[in-house]
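Before anything else, here is the set of structures, which you'll find just below.
Across the two complexes that follow, chain A remains constant while its partner is chain B and subsequently chain C.
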Partner chain A sequence: MRIKRSVAVSENGFVFDSSTGDSFNLNGIGREIVELMKNGLEQSDITQKIIERYEVEPAIFEQNLMDFQSMLRQFNLLEE
Partner chain B sequence: MSKKKITIAITGLNNTDNPGPGVPFIRAIRESDRFDATVIGLAYENLEPGIYMNGITDKTYLIPYPSSGSEQLLARIEQIHRKNPIDVLIPNFDAELFTFIKNESWLRERGIKTFLPEMESFMERSKDNLSSFGKKYDFKVPKSLPLTGAHQVDQLFEELDFPVFVKGKFYDAYKAWDKHEVNTLFHKISAKWGLPVMVQEFVEGTEVNVIALGDGKGNTIGAVPMRKTYITDKGKAWGGITIDDEKMLSLTYDIIRKTKWRGGMELEMIRTRDNEYYIIEINPRLPAWLYLAVAAGQNLPEAMVRLALDEKLEPFHAFKSGKMFIRYSYDLIGDISLFESITVKGEL
Partner chain C sequence: MAKLAYERPIINRISAGIPDKFGMQSRIRPIPQIEGLSVEELMKKYGSPLFVLSEKTIRDTYRSALKAFETRYPSVQFAWSYKTNYLDSVCRIFHQEGSWAEVVSRFEYEKALSNGVPGNQIIFNGPHKTRDDLEVAIENDSLIHIDHFDELYTLLEIAGKSATKPKVAIRVNMDTGIYPRWERFGFNYENGEAWDALNRIMLSGKLDLVGLHTHIGTYILAPSAYGMAANKLAQLAINLARKYNHHVQYIDMGGGFASKNTLKGAYLPGTDTCPTFDEYADAITSALINSEIEPDHMPTLFLETGRALIDDAGYLLGTVIANKRLPDGRRATVVDAGVNLLFTSFWYDHQVVPAVISSQHTENTTIYGPLCMNIDILRDAVMFPLLRPGERIVIPRVGAYNMTQWLQFITYRPNIVLIDTEQRVHVIREQENQNTFQTSERIPQYLK
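Coming up: the complex of A and B.
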């Protein structure tokens, strides 16, 4: 699951897709996840990175990650 | 590089809530490194804001509407040309283009150059011909049917579903949800813009536009896609952002290549959720948001003037995506003597 190449994320979590003109705001954790996805990390690697940094149950995080990624797909931010 | 002195006459100074492209065109020419332009504004109404804006025109003349007869309009242009010889004339209204295209050789004989679409291309892309245009050149267009009398409304909806867009020949477009609304809009629009009134299938999606310039030989000199971010109740872009949409660009290149389009163009499209593109309108001139393209790296007005002067130029190959514009309203203050001059003498 890859973020589209046309999507840029700023340090403040502002997301801009230059192919559609869509823009979004992410909170801190959302920005971190999108950055990890942009770096090509898979689900398991993203989960590993996040649980190392935050107090969260892996199963709960994985569920939230899936929800978040389906939202990214819905907003047309993922590669086909 | 020394700048070339040139006199350009431009219409479309109506920087209102339904803006013309004249003022941004002049702004782009004023920023040109190639031209030291004297700008003659040609206004149809004495309250067009561009007449009164500082640093826009050097001189403005009132001209008669083409609807009052092309002889009157041409006589006025000739009179202005005698006082201030015009090198290039840039008409900016859909409704006046027919007259200027028809009289292009008349203007040329007097030393006034233009860069306008060929009459055939101009006619075939018109709103009432859009369906045939789509078929001929193989582009997706929404189903559109002409309405020449209110009695046809019932018949029309054997082929179309609600909602629909009801559009004037030159301007105005309104969404309608039932036959009663279509009927009311038919009378409103036909009174203003004449017949036919077009009824167009509603395609759901995001409204996206491209500004482009064709050289008349099938080459695209420049093209910049934009997404409207703020749309007024008149359907005009009050804000927009340049986008890097390859499919929109390739559609534009394709249209210009197939039609050998000459002059400025605005392609209005709907991008559906399935990433399909429907062309809803092809405007035969640069749009009022043209300065966004200049800011993104393509000074298309300068390029158009160069083409009118038969200069050779390289096409633009790039632009910056993520450039945005937001219009604003601002109260210009002037003295009644300015209004008096334009009203009584027909010039300012």
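Coming up: the complex of A and C.
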């Protein structure tokens, strides 16, 4: 699962997709995940990184991650 | 190293040029407590879903409404609109405050009597009163508001044989410049039907014409409509005084004041558009005071205000069952209270808020009830934070019409509790159970 190359993310979580002109807002952790995805990390690595840093059960995070990524797909931000 | 506080990842689309309907992103304000009592504790003790009523809010609201009218007009009498909420405890609070009863059926009439309301303080409205209903109302000296000529003829017939002269008023419908016009109840003003009915009553000599009544509609946002209605009733009173030297004792302006809930499709929230009691009172009392009714014969002003007196006092509490993602990407949250309990969700965009929140991050969410029905939508398209299963939601302003129009459908109806003015909690209607239904069902022998 990869973020499209046309998608730029600013430091404060502003997202712009130059291929569609759409823009979005990420919260802090959302921005971290998108960065990790842009760097090519797989699901398990992303989960590992996040649960190391944040107070969250892995199972809960995995659910949230799945949901988050389904929104990225919904918003057409992922490579086909 | 201590770990950071977690918040689930969120992405929201920014729609430039389409501001939020209310011009700004409203912050979610959770409701953790009602009258100082924790929502969580209330539900642990009394179950979920749960209706909660605040006695303090009922009394405060009633008193502010009464004050708005009494400071402007010499004689004011409220009559509690039973259909709006006829839980006995609620009715008794209004009666304690001085309200009479306004009923529209035998069921409500009997409830009022059993709540200790004297017969001559019960207003009997409505298009359906049986002959027997009318006889009982006459016997009890109640105020019968005539809805149509057939009822008038029945009354005349009964009055011919009865020892007591029935006390009556007519219900008048009229154009007050608002839409929809409620014209199916009572006698029309503009086409002369109301005047015709009054003449028949006066000429019969058999009925004691004590009042004039109108109920121009419900959730009326324009106080001026009441001014116009009061004007027209005053005109009828003046005509009666001129022609018959008869002075009506009261003018009843019915109900219909808006509450602070937001109507579906409204552009602005109800909290911004709802007129104050003072504005309604000003419109009505100015029309009466400035009319040509003689000062010695100013009628008592009756009001049958319903929703505006009770909506704010009621809360529906519920629990999140699940979250899902709809095919179009919207979030759906399923809760255990549905349209079966919240009938008014068909008219209102009810405010739905969490009892507690851990984050201000919200997402466009549809809130569904638990029924296996497509129409079971408590709230469409609301910005809502993600709550986990088991977390609590609060729907404020549900005191009017829900605890009477709710449906027993698929699930049992839940407890209703009243928080009294000393923060004690009383169950005022018990949760239903199998027994509730078994007592009224009968199984034929061959199916046993």
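Here is the rule we go by: the second predicted complex is superposed on the first by the 80 of 80 C-alpha atoms of A that agree within 3 Å, B and C clash if a C-alpha of one lies under 4 Å from a C-alpha of the other, contacts with A are read in each partner's own complex, and residues count from 1 in each chain.
By definition in this document, contacts are C-beta pairs under 8 Å (C-beta built on N, C-alpha and C of every residue); 3 or more make two chains touch, one makes a residue touch a chain.
Here the structure is a predicted model, which means the values were calculated and not measured.
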Q. Which term applies to chain B and chain C once both are placed on chain A by superposition, clash or fit?
A. fit
Q. Touching A:75, do we find chain B (first), chain C (second), both, or neither?
A. second
Q. Who does A:26 touch here: chain B (first), chain C (second), both, or neither?
A. second
Q. If you stack the two complexes on chain A, which partner ends up touching A:10: first (chain B), second (chain C), both, or neither?
A. neither
Q: Please work out whether A:43 is in contact with chain B alone, chain C alone, both, or neither, and reply first, second, both or neither.
A: neither
Q. At the CA centre of chain A, how far apart in angle are the CA centres of chain B and chain C, to the nearest 10 degrees?
A. 80
Q) Comparing chain C with chain B, which touches more residues belonging to chain A? A) C
Q.
Between chain B and chain C, whom does A:55 touch in the aligned arrangement: first, second, both, or neither?
A. second
Q: Please provide the least distance in Å between a C-alpha atom of chain B and a C-alpha atom of chain C in the combined superposition.
A: 6
Q. In the superposed arrangement, what residues of chain A touch both chain B and chain C?
A. none
Q: Could you please specify the touching residues of chain B with respect to chain A in the complex?
A: 206, 208, 226-227, 229, 241-246, 271, 321-322
**Q.** Of all residues in chain A, those that touch chain B in their complex
**A.** 6, 16, 18-21
**Q.** Parts of chain A lying in touch with chain C, wherever the complex brings them together
**A.** 15, 22-30, 32-33, 52-56, 61, 64-65, 67-68, 70-72, 74-75
Q: Show which residues of chain C lie in contact with chain A when the two form their complex.
A: 3-14, 16, 325, 328-329, 361
